[in-house]
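Here the chain labels run A, B, C, D, E, F and G in written order, and each chain numbers its own residues starting at 1.
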Amino acid sequence: MEYIYAALLLHNAGKAITEDAITAVLQAAGIEVNDARVKALVAALEGVDIEEAIAKAAFAAPAAAAAPA
Amino acid sequence: MAEEKHHTEHVPEWKKNEIENIIELIQSHKVFGMVGIEGILAAKIQKIRRDLKDVAVLKVSRNTLTERALNQLGESIPEMNKYLDKQTALVFTNESPFKLYKVLEQTKTPSPIKGGAIAPEDIIVQKGPTSFPPGPILGELQSAGIPASIDAGKVAVKETKVVCKAGEAVPQKLATMLAKLEIYPLIVGLDLRAAYDNGTIYEPELLAIDESQYFSDITRAAQNAFNLAVNTAYPTSATIGTLLAKAFAESKNLGVNAVVFDSGVMDTLLAKAHVQMTSVASKAADKDANAVDDQLRE
Amino acid sequence: MEYIYAALLLHNAGKAITEDAITAVLQAAGIEVNDARVKALVAALEGVDIEEAIAKAAFAAPAAAAAPA
Amino acid sequence: MEYIYAALLLHNAGKAITEDAITAVLQAAGIEVNDARVKALVAALEGVDIEEAIAKAAFAAPAAAAAPA
Amino acid sequence: MEYIYAALLLHNAGKAITEDAITAVLQAAGIEVNDARVKALVAALEGVDIEEAIAKAAFAAPAAAAAPA
Amino acid sequence: MEYIYAALLLHNAGKAITEDAITAVLQAAGIEVNDARVKALVAALEGVDIEEAIAKAAFAAPAAAAAPA
Amino acid sequence: MEYIYAALLLHNAGKAITEDAITAVLQAAGIEVNDARVKALVAALEGVDIEEAIAKAAFAAPAAAAAPA
């Protein structure tokens, strides 16, 4: 999950989500980085609307709470 | 009129007493009304009279005597004469005309219709079993136009049918059968035509109160008051709980939305980040399962 | 709402919610304090379980959240 | 809430919401009037667009709490 | 609505809702009172459960909150 | 939450949310003030539309968890 | 939210959430770090059971999925 957090951190800070950037963030946290995973993640996130994914997550929960069930 | 005036000069004692009695009843009550009693049996009038006794006095009199009594009174009381019609009674009360109307409406009950009477609305016989065993009644029902047959050992109505249209006279045979089937097409009771209260004549359209409207008005008024009190932060025992909750919720919203690191909102911030992460992870995993670690694969 | 926030602030800090305390907090914020409002607030809070009132907010918030949808 | 009702009564009738007017209305209802509460109410309503404050749904904590039941 | 507010004021204060009481409250507010409306109100409220109508307002609140603000 | 309450108190009173103002309010409530928290709060609120942030329901995880029960 | 992401990144990697660690992660992402916020974050996380806070979110998520909206 720390890989995703790294991506979110970069996204939030307005930085590009590149292999190098993710690797740098993870390494700064003292994490041994798995290159293949970084590659796969960066590729997978290409074309993903992160804002939408985040917004959806934030909104879904309260809506659920409001549901009467 | 001339003839009536002529008679006035030779009014018998009992008529004079009756007129005096009416005048006295009007003067000793705050409100009096004219009610139609058409089609009400004497026995029913007696029962209504008893039922009303704590609220109103009912007096059945001759129209001519009522008219004379009213004409002897001041203000706009004589104007009430225009509500005199056949079968009119007087009602006297110390309640408001609105209350009087309500009470009189409650005297109305479904009643059988007589042969030859005009149906006030479509008279409908519903499909279904009756309480009658097979017998001559089957033929009587059929000849009255009611589609009856035998079903499961009982007389039954085969189909729902309008047996007399609104505005048409009810045939005698049909009237008898409707009564046997306990179908009561008439609503009979004291029908308030007008009430006189302290110089004002109230007609039924004004007196008919829609209680549900008052109910919803009260709900709206209470809502308005609550909204006003809360939105202006006016603390009362009824609003203080909501005001506290509102302030707390707003603070929490601000803490979370502005990402303020406060112990009161940390739980929520962490949970929010986690859910966001999960959401993004699932998007990534959709494309390539290797993009996320095992924990995030489902 | 500033009077209400003053009360919550004191409550959170474990202080008694008195007319003097509320007045002091509001004045520190540069607010011209209306004595009658302070009195009304303290009177309204008498016997009120603030924790309980706040707990209700947790339920209420999501309902409000459903609104913008 | 009777103080609020008195204020709304005056507002609805197009009358000014003054301390005197509220006091008069409450007294006519046979209510023993608390001056501080009257003052607090008039202060709270100062500068408030009452129509707007009436129309805006108040935060709905207690009812919302009841909802899931 | 001022007649309704007058009735709620009396109800809230634990006073009987009579024609005289409503008239007194309205007059104290400087309102020219319509006798027929007062009579109609008092007669109508005899058949209305005021507490229930008020309670419904509390329920209405979240619905209102959920409405497109 | 007292730091947030202080901020909203100031906001509601139409005052600027500065480090000094927050510190003054908290101190008036008898709270020992942590400078870093004040600085962090002011930094977090910089550029935030407070009205909007107040109105937007926070992510409601705990409430949601409570709801199905 | 980047500070929170950094904290969770560290937590997930089994690292201690210290001021230095958070600063390092944020800086690696090219973010200009506000010392006060870092201090406030670490202070606010003291005594917080992160796993528990996240678990509450887990409750919220499926509920959200079930919500009709």
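We adopt the following convention: a residue touches a chain if its C-beta (ideal position, glycine included) is under 8 Å from a C-beta of that chain, and two chains touch if they have at least 3 such contacts.
Keep in mind it's a predicted model, so treat the numbers as computed, not measured.
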Reference subunit A; chain at largest CA-centroid distance: B
From the options C-F, F-G or A-G, the pair that copies C-D, where over half of the contact pairs coincide: F-G
Computed distance of Cα centres, subunit E from subunit B, in Å: 20
Subunit A and subunit D: spacing of chain centres that average the CA atoms, whole Å: 50
Chain centre separation in whole Å, for subunit E relative to subunit D (CA means): 14
Where subunit B touches two or more other chains, by residue: 221, 224-226, 233-236, 239, 241-242, 245-253, 259, 261-263, 267-269, 271-273, 275-278
Shared interface positions of subunit G, touching two or more other chains: 1, 5, 8, 37, 40-41, 43, 56-57, 60-61, 63-64, 69
Sites on subunit D touched by subunit E in the complex: 1-2, 5-6, 8-10, 12-13, 15, 21, 24-31, 57-60, 62-64, 66-67
Footprint of subunit F on subunit B - complex, ascending: 247-265, 267-269, 271-272, 275
Interfacial residue positions of subunit G with respect to subunit B in the complex: 1, 3-5, 7-8, 37, 40-41, 43-45, 47-48, 50, 52-54, 56-58, 60-61
Complex interface listing, subunit B residues touching subunit A: 272-273, 275-281, 283-288, 290-293, 295-296
Subunit G partner contacts - residues on subunit B that touch it in the complex: 259, 261-263, 266-278
